[in-house]
Amino acid sequence: ASCGRAAGEEASSSGQSVALVTPERAGDGGPTDQMLAGLDRAKAEFGLKTRHIEATDTSTYESTLRNLGQAKLDVVIVAYTGFTEAITAVAPEFPDTQWIHLYADPRKAELSNVRTISYDTGAPGFLAGVLAATATGGTKVGFVGGVASPQVNADYHAFVAGVRATDPAVQVLGAVVGNWSDPVKGQQVAQTLLARGVDVVLSYGGGSSVGVVKAARQSGGLVITDTLESQDGADVVVATASQNYDVTVYQQLSEVQRGTWKAGHLVADLSNDGTALNKAELFRGTGAEGPRAKLPPAWTAVEKARRGIVDKKITVPFDTTGF
Amino acid sequence: MMDLLVLCLQAATPIWLAALGGLIAQRSGVLHLGLEGLMLSGAFTVVAVTVRTGSLALALVAAIGVNLVISVVFWLLISQLKANAIIVGLAISMTAAAGTTFALVTIFGSQAAIHTDAALPRPLDLTNGPLAPLGKLTVLTYVAVALTIAAVLILTRTRWGLRLSVCGVDEFAARSAGVNVVLTRLAALCAAGVCCALAGTELALANVQSFSENMTQGRGYLAFIAVLLGGVSPAGVAAASVFFGLADGIGVRSQLGLHGLVPVQFIQMLPYLCTIGAMAAAALINRRRGVSPPTNVDDLT
Amino acid sequence: MIAGRVRGVLRPLSVVSIAIVLVLLIYGLLGYSVTAVVDGVLAGSVTSPSAAEQTLRWTVPLLLMGLGIAVAFKAGYFNVGAQGQMYVGAMASLVVGLWGDGRAPVLVIPLAFVAAVLAGAVWSLAAGLLRLLLGADEVVTSLMLNFVAVLLLQWSTSGPLKSRAGTGQAATSESIDAGYRISTSTGVSVPIFVICAAAVAVTAILVNWTRTGLEISLVGRNPVMARWQGINSTGVGLVVFGFSGGCAGLAGAVEAFGPAGSLRAGFSPQVGFMAVVVALVGGLGALGVLLAALFFGALRAASLYLPVVTNLPQSGIDLLSGVIALLITATGIPLLRRRRRRRRAPTAGGTSEVADRPVARRREVVAR
Amino acid sequence: MSILDAQDGPAGARTRAEAAVTLDCEDLAVRFGSFSALDGVSASWRGGAVNVVVGQNGAGKTTLARVVGGLQEPVAGRVRVDEAELPWGSVSGARQRGVELVHQHFSLPREFTVAQALELFSSAAGAAKLFSRRALRVRAAAALARTGVEVDPDAKIGSLPVESVQALEITRALVSQPRVLILDEPTAVLPPPGITALFERVRELADSGICLLLVLHKLSEVYEIADTVTVLRDGRLVLPPTDPGEVSRQDLAELIVGQATPDPPKVAPPPEGAPVVLRATALASRASGHDAAIDLPGLEIAAGEIVGIAGVEGNGQRSLVEALIGVAPLDDGQVWLDGVEITGASVRKRRSLGLRAIPFDRNVEGVSRSGSLWENHAVLRRSTDRWWLARRRQRQRCRNDLDRWNVRYRSEQQPAGDLSGGNVQKLILARELNEGVRFIVAAHPTRGLDLGAATAVRSAMATATGSGTAMLLVSADLDELFLLSHRIVVLCGGRPTGVFTAPFDRAAIGWAMTAGEPS
């Protein structure tokens, strides 16, 4: 099998060892898969030894990072702010390891071997709101989140701001699935929204988004997801609102290779293509009638808003309170 | 209204089917905590086989076959090797979760969800009229209804049913009546395996037509709870499963309705609190009728 | 006697070996390196000080919760709500810890632990009272309270207790003042050992050396006889539910004040469930639970270490734990017993054919 | 009407000799661990006769019955019915060949209704066939009518009085037209009229050619009904099936016990001017299960006095006992123990004041079958006991008491369920008749006990009261009541219908027991 490589074989290859630690599982086409894509590209190019570790239990963060440090990995990439305490505790113990923290807050006291990268996540959500509000054939658009977490709350509020800024008459129906990997429940939640007249949905549901896409295919509707495009959703997924993690991971690793890598903080946003609302390349457009017709003007509106944000004429709200 | 009912039935069907399996097992005296795992293995097998062969019938046969094998292993462990049924049940759920994902990686190369075009037949085709939403129900919802009726008839109206039930309430009586308790449990576990294969099929093929890792997300444990909540009777189990479906449906609606008034977590708590309330109410009713609560772990160690 | 002891040790060892061989066989067939896995399991759980530290770190919650569960099971109460009880305990201790705000640790830490124990006990008694007063099945209610506690934790870590550090996008609580922590993030320290030793000792004494312990086991086995003997079953039930919830709450406080230092939504999602396995594998006795907790703690440490050194996907590693749990309670009776021994066999040793234990949750007598 | 008429149909006309069945056991051996419960038992019983098996508690009678019935797999030996060998350890195999076993500890599931239970034991073809509720009820009613048992087919087994359950056990055995019928201690739970009725039925069955095996304890019953008597001792056959006319009572007793039988207990004369230990006024309590509610104007028992309660089972005995023990609340009235009012006191309080109980069903109210002997013994808290449990001392205390009571046990750590019924009873006595005892409520204390054990129990109770303890003795055995009681109160419908003092008038008591009832 493709995955059947022995540890012994790897020891013979000379490249650096890199581990990616994510709290979410791979396979849902979401951020984790994007990071893996970047990792794979770097691996092919630089001959790295790579490993992906799923740390789905938040109480294992420290243990996992410590294990990696002890195994003398050269580079460890971790994702999301949940790792802040773990890195603070572990990174100083292993100064020879270079730690890259994606989707992190800037540190008050910087660590000499840690680079943090934050994403302006509100912007894609805002743009999705613009797209949805312009494209909708009715007066309702929807938001589906995975779990009610501060991060999802912030995305929701950005989406609502985008909708409001475009057309105050459009109403946003938002709900959470309660689970990052329950496509069946995701389908049910989306079905409820669609039955209430929603025709464009922003789905930030991780693995549950699969169900949202299915519901849209069944009942007619368009979906904006945070996942990689796939053939399966080609007829309803119009856009992906996401952080370009693959780009970041690849760039960071190439800096490590070139020796230009240094600790500190980096912001990825619309201006440097760190985040974006991307047009779905695969979109075939068999989804809802009304919205499809309005897509071209909608994309124009999105582009305008994008420039507004880059030029700081528009500020995207950041609000982690519940919705 | 009709929409809500259909949504609830859709949400309830997988739980319902698995709970019927749990009911049969519990009637024979086995607490079946492996429902979750069997549901997952059923879902995986059905999707994997349809992806590879395109044949729904073949997939269903394969899913049932796989679940029968697991059920026989369950039986061997608890009856021949005297392992603890609760631990083996939990372990089957753990192993199935890991095993299906591992198989996903090994066979399909990644952990990503696998999609299939196979769809379950939807027997009612009411394109118009107030009953139109019923057309969304798959054949397995009707199977669940039929199995419930069959279970009522078999359990209370045939000697088979009596012989099955006596194994759960009084083993000594069962043996005195010449019932082979061990083999009865094998049969019951196999029946539970088949029910779970159907439950997994409904889960994977009804709407999402895909398998993604650990997609049961605790529905098997809910099915186990439904057996207890339903007082280990077919009608009660059906009612409890529909109640869980309803809780799902109402949960989403109240999220939209109570938007911004109450933190969403408190809305999400409602189904669980309602279940506790229902259990307490059932206990009160049972107490009125003089039925004593069945609980003990004396024989666990 | 001694032969029995030896068998008592050999049996789980052989079962674990069988499970490992079985899973290794699968790995081998799929082309993974078997030696790397074996090395990884040992290196991750026992062979180095840091590995042993990891083993202990994961033993602690399993042990504390397993002890409480064992006592509840012994009394015939199937309290499966340890997960939720741990969460509310952790939240209660965290609230006290944050309230502490520079006050003397000798005041704050004990107060936090008392709060955690009380909160866990109250959460457990919610299910317990429904059971004792109304007869509502505690499996259902305690499991449902788990879900409620999960959501409460989710709400508090993304609401009132949420960390204000940074942009606050993670569902993480404020951190406890470093002065209050009872261990570093390794989760191994003298205070934690003392707490565990005390918990084992208290449980052992309660179960074996007190009249309440005797009453607990008799109420669980035969409630009617207990009533005729004047045992206050409701009182015993309250003690048992309170004790098991308190233990789980304590585990939550140890987590908050020990390795974690703050709480994150949905932390340790499997530990309540594994603690049930630990309690049952440990034979519901204090020492048995200690050994079982060490074993499953080591397994957890190993499975966290394996992905660092092998290419196995996480699911492949989980498979190993699953298969071990599957086999761990099997007794070594040969699979194929000769059903029809030769007639007039000169030697003996037969028991009745269907001597298997009833597996249902039934008391030895049905309460009247 | 003969019970078998309806079942045998034309075959009912066959003569005794033609129909007679034989049951042969050859070299049966059963072992539990290293313990031999049966050892080389060979015997042959013929149909058409009432074959009685006797033996001490733990002699192996139940084990023998279970081997024949297929519930217990022997390690060696064979069982044949009419030359056809029975498969080992298969109940269905034995039942197919016409062997039915009626257990002393009933085998009808308490959760089932009468009709369901009878259907469960039916061996007719068509187990998968649907039946209607009515058909089930009609079938059950027919079976009940044939055996003359009057119970509601829809009643739950658990709600029926013991007598009815006993009768139902026989009904369910007869439904499948047995050729070999084994009744394990069927008389133990029956009151005298019930025993008479049972023996009539047994006689009829034997006359129809069935091979009947009856396990009994009381010699008077043996001589009343037996055509052959077989004696087991310590798992061995010490008397092959023999006409009881050929063995004297004395010899039979010695064969059973293995030595001369002990003398019956000497009960001290009723105390004069002794202080009243138990006083109750205007007792009224609700019905307990299927037992009648009680309505008792007053009751006084003095130190050293034994008051017997006679009555047909179900006439308030259980309600009275439960009210005195404190496990069921009183509706009205007051109770004092040694002058201390205990009307609303908890069971624990009562026990600490010296109230002790020998419960109705030792396996339900008496012991935890899976608990060890010492735990079952230590559960009764003594005045010297503190909150901790001195295990070593408790175990020592348990061993001492068990040895003093001649309990047959291997270790104080073995589960109580391993003991034979008689030994369980002695365990309970050893626990209850101990320091601090002031008042004993004894319900059927010798039920199911063998000669020696019963005598020992009675002697112990007599000794206990001799030293100033008061006792309330509930028994279905009039001989026992006459032997021990100073006074006898007859309960009928929960009311006292007569109070008698020694010498007792059997006829008058018998009349009082049925007074107030229409028949």
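The first chain written gets the first letter, and so on, giving A, B, C and D; residue counts start at 1 in each chain.
Here is the rule we go by: contacts are C-beta pairs under 8 Å (C-beta built on N, C-alpha and C of every residue); 3 or more make two chains touch, one makes a residue touch a chain.
In this text, all values refer to a predicted model and were calculated from it rather than measured experimentally.
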Steps in the shortest chain-to-chain touch route ending at chain D and beginning at chain A: 2
Comparison of A-B and A-C by number of C-beta pairs in contact, larger one: A-C
Rounded Å distance between chain A and chain C, as computed from the means of their C-alpha atoms: 35
Separation of chain C from chain D, taking each centre as the mean of its C-alpha atoms, in whole Å: 45
Inter-centroid spacing, chain C versus chain B (mean Cα positions, whole Å): 26
For chain D, residues that touch 2 or more chains besides their own: 71, 90, 110-111, 370
Residues within chain C bordering two or more other chains: 30, 154-155, 159, 221, 313-314, 364, 366, 368
Residues within chain A bordering two or more other chains: 1, 3, 25, 148, 322
Chain pairs in mutual contact under the definition given at the outset: A-B, A-C, B-C, B-D, C-D
Interfacial residue positions of chain C with respect to chain A in the complex: 30-33, 35-36, 44, 50, 54, 57-58, 154-155, 158-159, 162, 165-172, 175, 184-186, 255, 259-262, 264-270, 301, 304-305, 307-311, 313-314
Residue ranges of chain D touching chain B (in the complex, touch as defined): 69-71, 90-92, 94-95, 101, 103, 105, 107-112, 116, 119-123, 126-133, 136, 370
Partner chain B, residues of chain C touching it in the complex: 30, 73-74, 76-78, 130-131, 134-141, 143-145, 147-148, 151-152, 154-155, 159, 220-221, 273, 276-277, 280-281, 283-284, 313-319, 321-323, 325-331, 333, 335, 354, 356-364, 366-368
For the chain A and chain B complex, residues of the former touching the latter: 1-3, 25-29, 33, 148, 173-176, 178-179, 181-185, 187-189, 191-193, 195-196, 207, 210-211, 214-215, 218, 232, 322-323
Chain A contact footprint on chain B (complex, rising order): 3, 7, 10-11, 14, 104-106, 109-113, 115, 203, 207-210, 212-215, 217, 248-249, 252-253, 255-256, 259-260, 263-265, 268
